[in-house]
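A, B and C are the chain letters, set down in written order, and residue numbers restart from 1 in every chain.
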Amino acid sequence: MLELRQVSFAYPQFTAVRDISLTVEPGEFTAIVGKNGSGKTTLTRLMMSLLKPSHGQILLNGQDTKKLLPADLATTIGYVFQNPDRQILRDTVEQEIAYGPQQLGFSPDRQQKNVQMAMEVCGLAELAQAYPRSLSKGCKQRLAIASVLALEPQMLILDEPTSGQDATDKDKMMKLLADLNNQGLTIILVTHDMEILMQYAQRVIVLNAGNMVFDGTPNDLFMDNNPIAAWGLQVPTILHLSQKLAKYGIPATNSADRLCQSLLGPMEDKQL
Amino acid sequence: MRRYAPLTKLILTIIISIWAILFDSPAILAGVAGLQLLLLAITRVSTTVYKGILGLVMFALMLAVMQYLFGATISLALVTGLRMLNMTLIFIIMLASTRISDITAALVKQCRIPSDYAFMFTAALRFIPDFLEESKAVREAQSCRGYSSRGNAFKRMKSYLTVVEPLVLRAVTKSETMAMSLELRGFGSQRQQASLAHVALHGRDYILISLTTLVTLALIINKLQPIGF
Amino acid sequence: MKPAIEFNGFSYAYRQDKLALNNIQVSIPKGSFTVITGPSGAGKTTLCLAIAGAVPQYFGGSVAGNVQVNQTDTRNISMHDLALHVGSVLQDYESQLVAMTVEEEIAFGLENMGMAEHDIQERVRRVLQRVGLEGLEQREVSSLSGGQKQRLAIAGVLVLEPEIIVLDEPTSALDPQGAVQIYELLHTLNSQGVTVVVVEHDLSQVLSYAQQVLVIHEGKLLYCGTLSEVLPCMIDYPELQTAMPILWQVKLQLEEALERKFADWRSVEDAKQDIVRFIMQNKGVCRSA
């Protein structure tokens, strides 16, 4: 549904994204990872038409987005910025979510229906009248998602939505995204979190200094001899441990439970 | 320009502003503006400053055109535009060639302005790039949620107003944290005084200040008793 | 040894209605590496601000008990004088930055300390290198990325060489390698005698360094102790369970199943050694059986 053809983008001082070609299919859960400054955010901004490529072409459902504004894409792609504070525009949660549908002239019925749906999906129903700026960071981030969901997009692009959140909020956020993905929404997630990557993404794109250096499954990323550290990444803890135990017959896994099973398994067998 | 003390540049800013008001010939005002641009060129500043100046020139031009359209003579319209340009140019040159903390130091120690007020002034300056960035962020957020700037001027004005509220609220929280950060980083401590040696005036500062002051005085006297200039 | 920081029955409320901190009693030894953790809104940030004196001096509010830094009540010393001993990196690192360029930003604190200009330049260069921002001296702060701003905020505090450094989520905007780099740097400073206090959600980042862990929950100090004392207790609270480092999830699961204790797993390498030892013993047992 989204296709990048040899896309480059240069700021006055440096080239942020270099010659990237890729296709995102409907229903995918794709993670974009890489060092700080590797071009992740620039790439997603290009996808949303917040930036225009210096070279190359971006096609959304077959249409070139060159002449389109982010507003034209809003009913197809929901874009969630890294800092939730910067995208709060109104004074109650309900109004905030209704902003998009109002701008796009949805009928009152459809507005109300979508706002209700978005609040329920994102677990904000009880906060409908709350003041968005005083919510917790996790809530604000879910509100940002609700606000774009109300536009009925086919795809979500999220820029580090879990940074600075505690484990519980992070879990909630990721379960929400996984649910939305199961319902058919395409998800593109910029993240630094390797555990999230392993657990949720079907596909990983690694950027390094503006170049796409890897495009494949999370397993392949960490299994093959890729220069993980040079790309600013880290092998997820349990996978790392199980890899170190490979010569003792322990299969590679990133699940704590599975690792324990394979460690305890042989002993219990012997005991029987 | 970088070699002159911050106080000298502050005084120069005031003096050039006075000139801009005193002169009423487009040619002389244009000359002053030209001189300032020359000064800017030898000061070596970042490209963002040049961009800002380009914006200013455009704004001055617009101001002149507006004046003309509203019935002023060409000469008066030009004078208004050039005055605005001259005053803002010197201000920008001062900012681009001086470290903000030095301006604060000069205001506090040499102009005897209470440090809180002086810092308010410089913090306001520090806020400008932040403010621009924030307003861009808010507009981007709006646009990702379906707002488009296409449409009539009224609609555009109305949506521009909706940027203001989130922007102001963000600025308020941000300035609170910043004020706390200042304290946490030792601002206002007694030891600060020792670090003021580098804002002190030198020979070249005195020369520049006296020269420009003399010229200004001459101009004022000339203005009061027009004996042909 | 005398503690660097001491909370004596400290309670605090920003406004009348709700206690942000509730009767905190804890002492942070000089030269220790202390990690504060707990769910969002538990009071971790308030705790940091109390060490820096901003709570209550900047925020007002009501206080009971006291906080002592180097045996001085934080209410009896001005925030900027306390800043000579305690360096703070705020959670909102973007708002912490006050200058226009990278160089000015770092020089700001040094100038406030009264350092001469020629000493400043050398220090600025060195600290930028330490945090991985070398060569960016002249860049405007507003043109930096989030990660770079966070490093700059840390550099601006480190350059003052305070005896105590308090950092509130210092790696939230950094990539995994960048986060490791910052923690390694803090570890080095700590081994040179600096007291480090850091708020961190992701305990797996600090397993190798933490000497003391404080768990804050709804304004109260829930646990305080070493990793092996504190982590196993976190299972009792649903909000804290999720924060258990995944490596320790394996450790605790194995310990329970095998009814034995492993050493503190501070790294994947530690875990590997313990597990290999266990596998070997197990093989031995099987053979002899």
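Operating definition for what follows: a contact is a pair of C-beta atoms (placed from the backbone, for glycine too) under 8 Å apart; a residue touches a chain by one contact, two chains touch by 3 or more.
Since we're looking at a predicted model, the values are computed, not measured.
**Student:** What pattern do the touching chains form: line, ring, star, complete or other?
**Tutor:** Drawn as a graph, the chains make a fully connected set, so complete.
**Student:** Quick one: point me to the chain whose Cα centre is farthest from that of chain A.
**Tutor:** B
**Student:** Between A-B and A-C, which chain pair is linked by the larger number of C-beta contacts?
**Tutor:** Per the contact counts, A-C leads.
**Student:** Just how far, in Å, is the C-alpha centre of chain B from the one of chain A?
**Tutor:** 42
**Student:** Taking the mean of the CA coordinates per chain, how far is chain A from chain C in Å?
**Tutor:** Here chain A and chain C have centroids separated by 28 Å.
**Student:** Could you pull out which chain A residues touch chain B in their complex?
**Tutor:** Against chain B, the touching part of chain A is residues 12, 48, 50, 69-75, 78-79, 81, 83, 85-89, 99-101, 103-104, 133, 147-148, 151.
**Student:** Quick one: which bits of chain C touch chain A in the complex? Just the residue numbers, please.
**Tutor:** Residues of chain C touching chain A: 38-41, 91, 145-148, 169, 172-180, 201-202, 204, 239, 242-243, 245-247, 249-250, 253-254, 257-258, 268-269, 271-272, 275-276, 278-279, 282, 286, 289.
**Student:** Quick one: in the complex, what on chain A touches chain C?
**Tutor:** Listed in rising order, the residues of chain A that touch chain C are 34-37, 82, 136-138, 160, 163-171, 192, 194-195, 229, 232-234, 237-238, 240-241, 244-245, 248, 256-257, 259-260, 263-264, 266-267, 270.
**Student:** Provide the residue numbers of chain B that touch chain C in the complex, in ascending order.
**Tutor:** 46, 48, 99-101, 123, 125-126, 129-130, 133, 173-174, 177-189, 191-195, 197-198
**Student:** Using the touch definition up top, name the residues of chain B that touch chain A in the complex.
**Tutor:** Residues 47, 134, 137-138, 140-150, 162, 166, 169-170 of chain B touch chain A in their complex.
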